[in-house]
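Just so it is clear, A, B, C and D label the chains in written order, and each chain counts residues from 1 on its own.
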Amino acid sequence: MRALTDPILKVQNLTMRFGGLVAVNDLTFTAGRGDITALIGPNGAGKTTVFNCITGFYKPTTGRMALRHGSIDIDAHVERLTDTPNDHVTNAEGSLYLLERMPDFHVSARAKVARTFQNIRLFSGMTVLENLMVAQHNPLMVASNWTIGGLLGFAGFRKREKAAIETAKYWLEKTKLIDRADDPAGDLPYGDQRRLEIARAMCTEPVLLCLDEPAAGLNPRESLELNALLRSIRDDHGTSLLLIEHDMSVVMEISDHVVVLDYGTKISDGTPEQVKSDPKVIAAYLGAEDEAEVEQIEAEVGL
Amino acid sequence: MMMEAPAREPVNFVGLLKDAVFAAAIAFGLFSLMLGLKTDQTLNNQMVLVPRPGLLFTVVGLVFVGRFLIGYWQAINAGKIKKRKAAATPLALKIEKYGTAAFVGFLFVYPMMVLGTAGPSGAIKWIDNFGIQILIYIMLGWGLNIVVGLAGLLDLGYVAFYAVGAYSYALLATSEPVKEFMAGAIGPTFWPLWAFWICLPVAGILAAFWGVLLGFPVLRLRGDYLAIVTLAFGEIIRLVLINWVEFSGGYAGISSIPRPSFFGVPFNATESGFAATFGLEFTPIYRTIFLFYVILILALITAVVSTRLRRLPVGRAWEALREDEIACRSLGINTVNTKLTAFAIGAMFGGFAGAFFAARQGFISPESFVFLESAQILAIVVLGGMGSLLGVVIASILLVGGVELLRELDFLKAYFGDNFDPAQYRMLIFGACMVLMMLWKPRGLISVREPSVFLKEKKAVSSDLVKEGHG
Amino acid sequence: MEVFVQQLINGVTLGAVYGLIAIGYTMVFGIIGMVNFAHGDVFMISAFVALICFMAVTALAGMTGGAVFLALLVALIVSMIVTSLFSWTIERVAYRKLRGSFRLAPLISAIGMSILLMNFVQVAQGARNKPIPPIMRDTIRLFEKDGFVVAISYKQILIILVTALLLGIFWYVVQKTPLGRAQRACEQDQKMAALLGINVDRTIAVTFIMGAALAAVAGTMFLTYYGVVVFSDGFVPGVKAFTAAVLGGIGSLPGAVLGGMLIGLIETFWSAYFSIDYKDVAAFSILAIVLIFMPQGLLGKPEVEKV
Amino acid sequence: MSMTEKAPLLAVRGVKTYYGNIIALKGVDIDVHEGEIVTMIGANGAGKSTLMMTIFGKPQAREGTITYDGRDITRMPTHEIAHLGIAQSPEGRRVFPRMSVFENLQMGASVNNLAYFNEDLEKVCAIFPRLKERLQQRAGTLSGGEQQMLAIARALMSRPRLLLLDEPSLGLAPIVVRQIFDVIREVNRKEGMTVFLVEQNAYHALKLATRAYVMVNGLITMSGSGKELLADPQVKAAYLEGGHH
């Protein structure tokens, strides 16, 4: 858990109100670089709202979300940056971004935060490969000289496009979708669509990947595969992960750090083991342990 | 799939009769006042009602018979499971590819073919009314296709850009100060001869500029709101053209717009004219043929550019925008710019077509830029199958060519007497055809999408999966 | 001041007519999310039906005061029935099969239907203006200043009252009755509504009929107010009424009437104080401006973007 | 089995369903007897949700028959089926987003014209206190889990004889999942409601079930009592391992 030693994202006093409804209430937490940070909590606790704030889809009512690239010291710069009208600061050590000041597409394009959605949002009428090409829009746009070079068929663009296809192939192989590359995304089974969404997000080369219930609707075998994929994204690519998940087999298995929300407020924060045994979490979220019940069933069916 | 044909049920004639009686009753209700009684004015301006029971009962009878026959046809086909064509075969793409090539080839020889068969005087109608007219709509359809078909932005005021292009050319070409300036700077014949070629790009750029101008405020709007605001913009431009008489000539429009020259050689009977220069006998057909090739080239440029754009990041972003705007934003795509480029490029092609239209007609007025035109262009795009270039071509031929063919109904006067005015029925039939075609092919004629990039094999995407956009 | 009051009265009357047509647009859009482009032409047909009916009754009963009133009443009722039948048929023939398919298909079908209806009336009834003899010409003088008489006619009072009454009734139906709840459910998720036992086809048909009945009221009042109708009268009032529906917030009945009032007032005041030529430009510009800054319209509920 | 003496409440026989050209159900046979909880498990895309919708005639089965309470409902319009006392909480929740929670519940009770509305409202509010807090809130603003509760509550409002639940535990917190399975058990035991349940969460669902089916690729491949399937090695390998509790 590197949240304290090497943070990548610091969320401070985040509050989001919709009319009279307080969805997130004064939430503060830190996600560590190279960590898998899980955000869990009962339904309606405000987890997805937090995601929408981080990724720029909602403008928070109050609060600050600082994300860094490189080793720039967040605490040393964040106050100064807040006093300026800018949304980021860059020095030799890296860059610091204030996500709440950025429009959604800048959060992805500049701050390099990618996300997936609870209700899968693929470009269903485009092929799997095309989905991954769209994710590389910004570098390709530059390579096509903002369309003009591409229209005239310049070689620079064709080269860059080949490279983009290679990137896409890499992620397709990684997510075991390579055989479906030329099929429309809408034709894929549910589990494949979930993985494609992750592959697409990774094609934007994010430093922080936010996954909204990646295991929802997966069967146990698919969940296991997902665990392996997420671990590999963390270990092989150094991408930090932030995920919302209800499937405890995923959360407890792969998270380095768990933050628990209830009614928009943080009720627990720590390692999976700490959180699992936190009485507040058990009361609000996990429910009473039913180990005894499980054993009883297993005895009945003769395991 | 092997399936036993289910035993055909006997046709239920009583039920069919009931349906037909019901339909006839509805028809009677609908038409007894609207057809059965005609409002007429007597010579001293008195309104009177003229009963037409014969007409009413003929129509009701036709509805009865028609409903019965349709019902019978459905009943005998009910047992058959409709054999649907297999979804998403590469064959459809091949047809599109080779079909397009063959069609372009045909277009290039079309004027010669017509000339050969119909002779110089008969050919004008076929080249102008059918060839040029249809090509203008193909070009407009391809232009609008970028906005509606690719980017999924519903634009009901596309005719505004057509108007901007037409008026840009017409105003510049007939402007006295410009004419005088050019006469002083280069020579008196320069501007009338070259105005079209100089103004054509200007018209496109101005239309694109208007596209951005109108596009910018409506970016946040979605779906039908966007449609209604674009409709409003289209109407505003038309109403301004009508009312701002000093600027645009109002209802009277602009006349004596210079015609395009053959790159400096005019199409007239003078010695420096096209016919004399090339040692031909003067006939107006040369100009028509030349115009045909001009619009053909313009349309092909539109097609080539839009095909290329689709394979570029910007084109893929358009389609992605149509599929899911929120996902686009999450991938770092600036949706504002993406939408604006779609508006601008679509408008630009509309502007080119407008300039050509003004040059071909020699006269323009706001009458040519009514909402019905926008509706017709949109109908072409939708009927063609959104995003399909070949579809737009077929739809243009069906809709525009069909309407032109209906002009040939004068022979009906022989049957119905001289009081019968077939022109009235032209739009009636046109409206009915729009409805029927949508009922027949709601997804358009070509309902597969061609992927812009592929790894191993290009597979067509069935239109069931393609979204239509919300903006 | 006098001019202002007089224009206010005229504007509200015109606005009431737009408002009644707008309700039809807003209800149909509300329930199946389509712009029923043919609704303006349905309105035009209703005026024609009322005209023919009115002429038929007065031809039989004469043009005395009582007979005119009777003729008007019969015209209104018959027009409501026949127009509803038209609207029902249009939905059944041109839209039902396209429901749930491609979003643009019903729109194109509706535009085709609009062209069809307009030209049907032209073919069936001729292209000329169709006047009726002036009726209900009595006015109430409100006040007079410097020779300028501010007056309100009985026609205007009738139009405003009928609009208010119908708005009340329809708003109650949509908000408070099971039918209205079913309509709103169909608007949001037809498949789910069917799972809960709602007859979706019937609910949608009823919606078309309700909208058409209101358009018939508007058409009859339009005929009596202006005293003339022509086959092309569907398009411009139709577009303006749709504008009104969007302006007021689509899906909201009071919004439709409010939007209608605004369009009517803008038009009358613009004509009175600026230039009659640009009155439609003004109406459309206001629409564009309102939508750009308030995309949900004046009374529509803002849509929270669900990510 | 002892229950087979009585005709089943719901009988699905040889049902084949297509989406366009694609076959989704390839001849499915299912029995649901009065008073049972029947579970169907299977992978994503196996056709479970298609079966749920086919029972309601959306889409209609191209072949085969579906009988409910002795009546053939294969070709019956969806809204009429709803009036026979079958309710469904469908895939994707499908709450009416711009209606309040209260109105959504009213919609659920519309088949019996709100006859028992107040009584039932209290009941579902007791089951899902979360909904009680949000009665006047628009359903579209609820979180996913709350919408799931609302969808189930809405289905209960019609007082169905047969309740169809499509993945009621999808996307819910563990504590709520348990709560929902408790609710299912309770309405079954106390009110004798027959429940037909489609689940990914095989462990909980099988534990609850009187009988269960496994669907693979549009076909039923296995059936038996909940306990039997829970103990079956194939089922364990495919649907239970990985610790989906």
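Heads up, the rule we're going with is that contacts are C-beta pairs under 8 Å (C-beta built on N, C-alpha and C of every residue); 3 or more make two chains touch, one makes a residue touch a chain.
Predicted model only: the values in this text are computed from it and were never measured.
Of all chains, the one whose CA centroid is most distant from that of subunit C is A.
By number of C-beta pairs in contact, B-C leads over the other of C-D and B-C. Chain centres here are Cα means. That of subunit A falls 50 Å from that of subunit C.
Per-chain Cα centroids separate subunit C from subunit D by 44 Å.
Subunit B and subunit D have centres, each the mean of its CA atoms, that are 49 Å apart. Between subunit B and subunit C the centroid-to-centroid distance comes to 30 Å (mean Cα coordinates, whole Å). Shared interface positions of subunit A, i.e. residues touching 2 or more other chains, are given as 18, 48, 57, 117.
Within subunit C, contacts with two or more other chains are made by residues 304-305, 307.
Taken residue by residue, subunit B touches two or more other chains at 326, 463, whereas all remaining positions touch fewer.
Residue ranges on subunit A touching subunit B, taken from their complex, read 55-57, 104-106, 108-110, 114-115, 117, 121-127, 129-130, 133-138, 140-141, 144, 146-147, 150-151, 157, 161, 165, 169, 178, 181-187, 200-201, 204. Subunit C makes touch with subunit B in their complex at residues 29, 33, 35, 45, 48-49, 51-53, 55-56, 59, 78, 81-82, 85-86, 89, 93-94, 97-98, 101-109, 111-126, 128, 130-133, 235, 239, 242-243, 246, 250, 275, 277-278, 280-281, 284-285, 287-288, 291-292, 295, 305, 307.
Within the complex, the subunit B residues that touch subunit C are 26, 29-30, 33-35, 37-41, 47-49, 148, 154, 217-218, 220-225, 227-229, 231-233, 235-236, 239-240, 242-243, 326, 371-372, 375, 378-379, 382-383, 386, 424-425, 427-428, 430-435, 438-439, 442-444, 463, 468.
The residues of subunit A lying in touch with subunit D in their complex are 18, 21, 40-45, 48, 118, 189-191, 213, 216-224, 246-249, 284-287, 290, 294, 297, 300-303. Touching subunit A in their complex are the following residues of subunit B: 88, 305, 308-309, 312-314, 316-317, 319-320, 322-324, 326-335, 341, 449, 451-459, 461-463, 465-467.
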